[in-house]
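Listed after this line are the structures, all set down as structure tokens.
Two complexes are shown next, each including subunit A; its partner changes from subunit B in the first to subunit C in the second.
And then the complex of A and B:
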């Protein structure tokens, strides 16, 4: 068995295809993600809202709007204001910035009553990941608050005019109330970009099944001359199979580990502080992948090429529901997970990404253990079916 | 046409790749594009709705008022009051804003408001998108500020009446007007998104199917036999190229027809000239993976490696081409890098073509420019493949001059 293990491992190491799938694939995509998702996290973190203010005669004559705008656009405030003299200039500024990285979301004018009118830039908002729609709503909410205060002052002046002469009350009314304290409840701050790396690890671990597929496929006597020779060799089938599986698992685990370390230290992805638990997840993931590869590799009367195609199809399908293929698929994967929670339990790619996810965000290890248990059950089921295929074959029989 | 027929048979011998990369991935693209939201109405302002959750440990009139007010901000998601449930909701982005109202908050709030003291604070948690949380938080602060003002001004009024007054004040809105934009969302988006997703289908599918066929034909023994046959080398190459082109066209036609059939409304919304250009653009783009497949064939790449190359190139180009993640959220550096990859020009050409009017010559010229750049990419890769092929045929392995020299020695 030791010889089988040694030579299968050597042959897998010399197989460029497996190295590309197991190593190059996650490393190349990690580099790609690293370049792309900095912007995504910046969008998620939010920034100041760029707004144009038309400082025409109506605006200057407004009783409180200029002071209000000054207050919410002062240093460290939420609005970043650019002043112009008329509406045409404001429209020009908006149009010029429409395709900019950080566009102006709209402009503000004052009506004849001194109340704000918000002009928002329309546009394609259905598919864009940018937060312009949210920023526009925040701008409107801020202007709504001015109108609310105006309404309160008007109504109170009718009921209790004396109160309006109390500067402390007026100040408390105008000042923005601090009613909430932002807290963190997860082990690490949620970040959109990390979810793609989890999905990538899910896909990479499943593609590690190529090692199992190639190793077990080469064991079948009817697929190659090598397989036929090994079938006649002195080593029992069980020992050969065990050696193959062990070598495949070690190969896919090492590839996954290198990819993980690359993501962690070269790309700089923060996977939290539970490094050993992460490695345990990778070990379980590669075991599941090896079992899957063994299962597909042991399918009788199908060529290695076709088996490779079947594996690719399964991995693409599973990764699709793990949300790897961009933002719309991530949203779709979330929606499907909410609507059909059971679909997650049968998807290995989702289980791998969820296991990493649970390590990063939860303060307990129980959710991770549950995902590991599911991966272990998957591995056992795949191995049992593979054993069934391998044990019931006749080659060149009458 | 024996060589052509033989080449097509080689492709047909591996139906699994066509099913996985052609049919299966195209169906995933259909599924994905179908899930896109309908175009947003840009004629009138609609407030952005945020999924939020409230854990009310107070159950006072004030906290119930807060809950009532928050219904104007989006959909309330039910979250259990436990540490794990809260972590789960935030980590899985079940809700973008989670508010925890502590026990005794209502009483403390009214007391502070009436005595003009700082208002007590509640705990809130933002999920992935801080801006969404900030939106709800700003609205909530405004509502409680109004309630506080009314409580200070009318300390004898019952709490429920103060809440009603604050709610009334919160229903006074600023006037909002929408400026029409040339880039309004349209019905064509689904068909366009579907074709953009097909970038992955073309790369993975064409590279693997055509590449494997060429690898088989370029095997040394097969090649020697073919070179010794009565058919001229030019006819042999022409028929092989024709087979490659036909396979590419099968992928191209399949994806285009599937998109037109699955998104009839979206397809119908594209102007006629746009339809033509949206057919030409994927055709030209598909020439690039065809060139890559030709290169892989010359390099005698194995089946597993061919799959890997097709998938990796497909994924990287789809991501960096703005097919799956919008270019507007990427950094300027990544945008710059994207210009050096064909995916960018493909998505750019498609987005222009879907709105193409019959007399819009400027857009037509821009699409022509995109197509020209894609053709250059295809030509560059094809040129490299020819050089590699030439060098390889001279090696001893491929039976070229080097082999003759070996025999002579």
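And then the complex of A and C:
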């Protein structure tokens, strides 16, 4: 078995097809992603909310609104404020920026009571619509919060003005402003672009099946002269098979590991902090891929070229549902996942990317373990079916 | 002891009968030639013996023991040089030989010795770092042989090992097989090159349509067919009556006149040429040149299997 393992591994290492699909492909594609998605995370993470503020007489007379706007647009700015003198100018600014890449999300006026009124940008925007809606929601929430606190303080001052001279009460008012604590609901901050890289890892792991396909396919007597010759050797079929599978797994795992390290350290993809768990996911993915490759490689009387074609078709199809091919297909994949959740469980590419997601975003390892279990079950099923083909010792014809 | 013993082997491919109650016994120390036209069942017989193919009926024993797909103890004593070159394209010469030797020999030290011997035996010393695609056809064949015999088998099957090989390489391969045989290996050799089989085989079987047609030594086969001598004479304008007269001679099996050459197949005899010349002189025919030679294995093969074209 050691002899088979050594030389099969050596032959796989020198196989250009495996190196291209298993190693070069994810590295090249992650470089492409790096260029394509360079600004995506910055836009999602670091942008301030572009807002127009009408600084008319009502605004200037407001007791606290100007100070509030100044506070949230200066230090650790939430708002990027553009000041105008009247409402018409504000509308013009909004209209002018409507089709811009980073438009103003609305404008703020002060009413007769000195409270803010938010006017939101309208129109149909297909591209960054979701981000504008998020920004508009934040703006409305901020202004609502101001109005609520303003109402509470005004009411208290009317009912019991003496309270305002009590330092303890003032302290409690300030403290009440902090009842809302900012927390991260995920283990790591969500990043828009990682989904593509996780889907790419899913695809790359499936392409790792090429190693298993080539190694196991070359064992079959009815596929090649080499397979027939090896079947006549003095080493048992089971030992040869184990040697091949072990070599294939190691080959695909190493390719995937190199791709992962490249994404993490060269491209700078955020995989969270659980490095060892990530490597465990890669190991399980490689095992599943080796089993898949063994299954396809063991199909009798089909040439290696045709088997590679079958594998490529399966990988591309599965990766489609992992959302690798861009926003529209990602949306379609999400819709299908909602309508047919079972489709996710039988898709290896989805399971690999979901395992990475769960490592990055969940507090516990349980969701990741569930995905690893599904990958292990897939591997067992693929190996069992392959064993049905590989169990034959003799053939009716070659 | 019979190293190979096959009794009543029947193998069908659908409705085609590939082996029809095929029998074969090969003694220890023989170089056994297996001859037959394309599709006669030679490779099928070997693949059944080696348990690569299923068969419908029959009994196969190797080294006196029943052969089965899991008899790895018996398989370890066998070497195979297949018809098609079967090596790893990604491994170099030494690695390929080492891999195949490793299927039989697990001890690393002994394996290294075996590999070195096989490289020397096949004259591949200067090419150990070469990958197969860098080797010529002859060198590839030699690599194929080295992979098959590196573990020093007791029984070696050579299935047309010299196809597309130049005369120098062929001579080297044949000498190597004889050397192996001298060292104690029993050899089963199939080929379409009659002169090769004639040169190295101690016993020859001719088979066709899955059946044994003849078996014996080179001389025994020639005697079996009754061909004693083949004579050719250059004669200008030979009358048909003269050819018919020659054909009628007791010692003549067949006489054909084509172009300016009279080709005669004779029985064994001491005075065949003299008798034919005497007959021709009566018709005033005087041959310019005369060739007389004993029959070749090719003559025997064609006599036994017929002259019809095969697939």
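Here is the rule we use: the second predicted complex is superposed on the first by the 251 of 398 C-alpha atoms of A that agree within 3 Å, B and C clash if a C-alpha of one lies under 4 Å from a C-alpha of the other, contacts with A are read in each partner's own complex, and residues count from 1 in each chain.
Heads up, the rule we're going with is that a contact is a pair of C-beta atoms (placed from the backbone, for glycine too) under 8 Å apart; a residue touches a chain by one contact, two chains touch by 3 or more.
This is a predicted model, so every value here is computed, not measured.
Asks: For A:235, decide between first (touching subunit B), second (touching subunit C), both and neither.
Replies: Touch status of A:235: second partner only.
Asks: For A:210, is the partner it touches subunit B (first), subunit C (second), both, or none of the two (neither)?
Replies: In the superposition, A:210 touches subunit B alone.
Asks: I'd like to know which partner A:309 touches here: subunit B for first, subunit C for second, both or neither.
Replies: The answer is first: A:309 touches subunit B but not subunit C.
Asks: By residue count, is subunit A touched more by subunit B or by subunit C?
Replies: Looking at subunit B versus subunit C, the one contacting more residues of subunit A is B.
Asks: Return first, second, both or neither, reflecting whether A:226 touches subunit B, subunit C, both chains, or no partner chain.
Replies: In the superposition, A:226 touches subunit C alone.
Asks: Considering only touches as defined above, state whether A:48 meets subunit B (first), subunit C (second), both or neither.
Replies: neither
Asks: Determine, under the contact definition given at the top, whether A:15 touches first (subunit B), second (subunit C), both, or neither.
Replies: It touches subunit B and subunit C both.
Asks: Check subunit A for residues that touch subunit B in one structure and subunit C in the other, and list them.
Replies: Shared contact residues on subunit A (touching subunit B in one complex, subunit C in the other): 15.
Asks: Enumerate the contact residues on subunit A facing subunit B in the complex.
Replies: Residues 15-18, 20-21, 24-25, 28-29, 32-33, 35-36, 38-40, 42-46, 78, 91, 94, 98-99, 101, 106, 111, 115-131, 133-138, 140-152, 155-156, 159-160, 163, 168-169, 172-173, 176-186, 190-192, 210, 214, 304-306, 308-310, 312-313, 316-317, 320, 325-329, 331-332, 334-335, 337-338, 357, 360-364.
Asks: So in the complex, the part of subunit B that touches subunit A is made up of which residues?
Replies: Result: residues 14, 16-17, 19-21, 24-25, 28, 31-32, 35-40, 42, 45, 47-48, 83-84, 86-88, 90-94, 99, 116, 118-119, 121-135, 137-142, 144-146, 148-150, 152-154, 165, 168-170, 172-181, 183-186, 189, 193, 197, 200, 212, 302-309, 311-312, 315-316, 318-320, 323-326, 328-334, 337 of subunit B touch subunit A.
Asks: Residue numbers of subunit C touching subunit A in their complex, please.
Replies: 13, 47, 50-54, 69-70, 72, 75-76, 78, 80, 82, 84-91, 95, 98-100, 102-104, 106, 147, 151
Asks: In their complex, what parts of subunit A are in touch with subunit C?
Replies: It comes out as residues 3-4, 7, 10-15, 221, 224-226, 228-236, 393-398.
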